[in-house]
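Labels run A, B and C following the written order; every chain starts at residue 1.
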Amino acid sequence: MMLDLLIPSSGAGKAILAAVLLGAGSGLLGSFVVLRRMALMGDAISHAVLPGVVAGLIYSPERSPLVIFLCAVAAGLLGAGLVRAMMATTRLKSDTALGIVLAFFFAFGIMWQSRNQESTAGVMNFLFGNIGAINTADLRMMMLATGLLCIVVFVLKRPLLVMSFDEGFSRGLGYPVRFLNAVFYFLLTFSVVVGLQAVGVVLVSAMLITPAASAYLLTDRFGKMLVLSMAFGVFSGVVGGLVSASVNGMPTGPVITLAATLVFALTYFLAPQHGVLAKVLRRGRRRRRVYRENTLKAIYQIQEASGFSHEDVDLIDLAQKRRNTEDHARKECAALLRHDFIELSADGQAVRLTTSGWRRAMEMVRNHRLWELYLTNEANYADDHVHEDAEKIEHILGANTVKQLEQDLDFPELDPHGKPIPQPQLVASPIV
Amino acid sequence: MNYLTIPWESFGIGAFWLMLMAFLVALPCSQMGSFLILRRMALTGDAISHSVFPGVVIAFVLIGDLASPWLIVGAGLAGLVSTVFIELIHRKTRVKQDAATGISFTALFALGVVLMESMLGKNVDLDLDCVLHGRLGLLLEEAHVEILGAQVPQPILVMAGVSVVTILAMVVFYRVLLLSSFDAGLAASYGYKPVVIHYCLMFVVSFIVVAAFQAVGAILVIALLILPGAAAYLCTHRLKIMLLLAGLHALLSAVGGLYLHVWFNTDMASAVVVCGGVLLLLTWLLGPVDGLMWKWLKEEGRQPDDDTSHST
Amino acid sequence: MATALETHDLTVTYHKRPVLYGIDVAVPEGSLVGIVGPNGAGKSTLIKSIMGVVPSSGGWVKVFGKPLKENLHRVGYVPQRESVDWDFPVTVMDVALMGTYGRLGLFRRPGKAEKLKAKEALEKVGMLPYSNRQIGNLSGGQQQRVFLARALAQDSDLYLMDEPFAGVDAATEAAIIELLKEMRERGKTVLVVHHDLQSASEYFDKLLLLNMRLVAFGDVKEVFTPELLQKTYGGRLTILSEVADRAAKL
């Protein structure tokens, strides 16, 4: 058979090929599972295949992968069908229906197995995974199934994606939603069964969820998510397989699951856009920017109070305005200096705004006063209520919103407290 | 041979103890599980039963005794860790709650298995077999204690205690559970704290899960939590009756499970669950409220009615 | 007249997104108030935050001159009908009895007096004949009546009702408004979230116009004016919600 050419002869080679197939199959379907919020359906189906595996082991003494595969798929589909039937005909909610099928099928498998202990001696491999026990015949089956999976997903990628995003809309497009859903459950069961021998019934749902969730944190593109989640699946499979092989009697499934979890933990912290670390850094940057802008505003207000009569502002005045020590004011100014918003006087005791500093300071003051005006005029705030809100909003008003505000307020010149609203687009600096 | 008396012939009084033990495990699960179902938290029960496992393993490694109360502490902590993980994942990132739950409990369960395999030698009380089947089948080999002249296996006393505590707690807090499950908004407006109630319920469930875990294994616990309540839910519209029926389901599963165990020579814990599952299928088919059979009969009966209404 | 409900600067943010800004309102005792405003104006949020069901991020609420916590039993809350699972295994009587739970505290069980109260309440809304029915077997209007009966059984002085007219038939709507008016006659204060502007002017004595901000509060005659309605529904506050969206994304 042609496929056999692809199957390596060494044990390690086989294990790696198995891991690749496992990662590809479950990574592919896992992306849909995570996006459709069906993680727990995956869990239910993966437990529900157990009686099928046991039946396969009992009725195929020569342990034909095809028989086991078909029995497992049949059991998984029966489970999925039962969940849907239960939800359609009773008041039971989806979580309960999933739990019932998961528990009942799994228990039935365990009971049946315990009655036929001799013929099902290898069942532990299917429960907790044993990548080392996968032989050439198994690999052939896995390759066929994964190949079929990839082809169907490739052909139906668009309709499946639309349906995952918005089932009602895809019905409106005239897609055969019932048929597509049936295909989806079929594929899901397939991918569960492909991963079965490597990861085992108990934890195979982790391979559907964890790699895909990691990929989800790394990209906003569906195509990329598919590739990444497959890659993570393969990586976890290989690492898990190798590590468990080095420890005597350690089942593969839990180790693969932990490897996948490790990948998730890394992306959880380090993902550039959606990772926790990136979010913390962004928040820090934003806080520092707000801080800088508040210092600039304070300098502007000191200037305004003195009628913009001279260019320099003493550090001691700034410290007083910001209700801080002079040391602190010096630190604030160092940050502004780094961004070229100010220049230091020769003796280092006073600062003056540069052109870009003036511009930013005027923008902030304008935003603040515009927002105060908007809140009092349009949103019926009392004018002594608006300052605090404006303190926050001034930093996040975009250029478009500012334009809209100016238009709505009829290009105002004074804020509700009677202070002039600066116009950075007209004058470079208010210094007289 | 008389099928009904086989268990008694093979186990003697042991048959009674096995049945009683299975019932005492299933009873508290059935009561709390009913509330989990009503609160749409059936799979939270699943997540808890998987994720307490590493806690049990670590506590067992440290203490070396499966009956130690420290196991409950370890399990409770592990349950808490999993709740925290779920929250951290779905609050701080775009990953949704179902996937967050899946990630957390599979990871903790995997950790438990790896810890168990690497830190515990073979042939100890806690192994993969125990995770799958529990120790219910080994009940008669456990230490016995003399109570009122009878030799009672010790785990029965523990489970009896757990059952009594659970049922007492449920009776005392019945209205709080009812109201917060039915209408959390109104409950909050009465000053009940939904978060506190949630965590208390989670605590009680973890407590029961750990106790039941040793009897039926980590994975089958979920069955004992969900099946009785679901079957009872299909039979009645009254909460009190639902709770009673769930208890009855637990009893019937225990009795039926023992017979399955003996008749087919199978594992006892899974037999109890399978029996419970069959009972559930029966209620689905024949249950007085949601029974498919009655719905079909009604539709059959309606057709002639329609005909007459047309002809008149 | 004494003040039944007073809020000051009540502000609510949901998922970091402000949904209500600084609500100042004082509702006199014995008034029947309609809360109206466009979708997303925060009508339900307002009464939920008054009840403490959703936490407020600023401001305070006083009920009959005291903080809510001290007067909790004088306030009855009627959530939206869709907020509960109507398959829940309880009967009409059970739901009406829940109205008495607030006064019973955590441990006392409902006795004869409570059952009598629940029965009277059901009688008043015409649901007594159904008291043994499971709640899932009721029509939308009947379910709403059960909710009202539960509120009556609470025997409060101030009621906050979330869309009691949503999805009910005309007869029930008329019966409910009759009941609300009767409650006002007995000196109760009732706030009702309402989505139909037309009937609002007929049903209530006072209106609270809301669109993230309090637009106006007062007698129907004074408040039901084209300018104020335009201000409430006219969408001039789009920038406010735009900016709120941006703030939430940070």
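Details
Note that in this section a contact is a pair of C-beta atoms (placed from the backbone, for glycine too) under 8 Å apart; a residue touches a chain by one contact, two chains touch by 3 or more.
Being a predicted model, the structure only gives us computed values, none of them experimental.
Here the chain at the heart of the structure, going by C-alpha means, is A.
The pair with more inter-chain C-beta contacts, choosing from A-C and B-C, is B-C.
Taking each chain's centre as the mean of its C-alpha atoms, subunit A lies 33 Å from subunit B. With centres set at the average Cα position, the gap from subunit A to subunit C is 38 Å. The geometric centre of subunit B is 39 Å away from that of subunit C, both derived from CA atoms.
Residues of subunit C in contact with two or more other chains: 136. Residue positions of subunit A touching 2 or more other chains: 91. Within subunit B, the positions touching two or more other chains are listed as 40, 233. By the touch rule above, subunit A contacts subunit C in their complex via residues 91, 283, 286, 374, 378-381, 385, 389, 392-393, 396-398, 401, 404-405, 408.
Subunit A makes touch with subunit B in their complex at residues 33-34, 37-40, 42-43, 47, 86, 89-93, 95-96, 98-100, 102-104, 106-108, 110-112, 114-115, 124, 127-128, 202-203, 205-206, 208-210, 212-213, 216-217, 247, 249-251, 253-255, 257-258, 261, 264, 268, 274-276, 279. Of all residues in subunit B, those touching subunit C in their complex are 38, 40, 172-173, 175-176, 178-179, 181-183, 185-186, 188-192, 233, 236-239, 241-242. Note for the complex: subunit B touches subunit A at residues 37, 40-43, 45-46, 89, 92-96, 98-103, 106-107, 109-114, 117-118, 122, 128, 132-133, 219-220, 222-223, 225-227, 229-230, 233-234, 260, 264-267, 269-271, 273-274, 276-277, 280, 284, 290, 292, 295.
Considering their complex, residues 48, 51-53, 69, 72, 75, 77, 79, 83-85, 88-91, 94-95, 98, 101-102, 104, 106-107, 109, 134, 136, 150 of subunit C touch subunit B.
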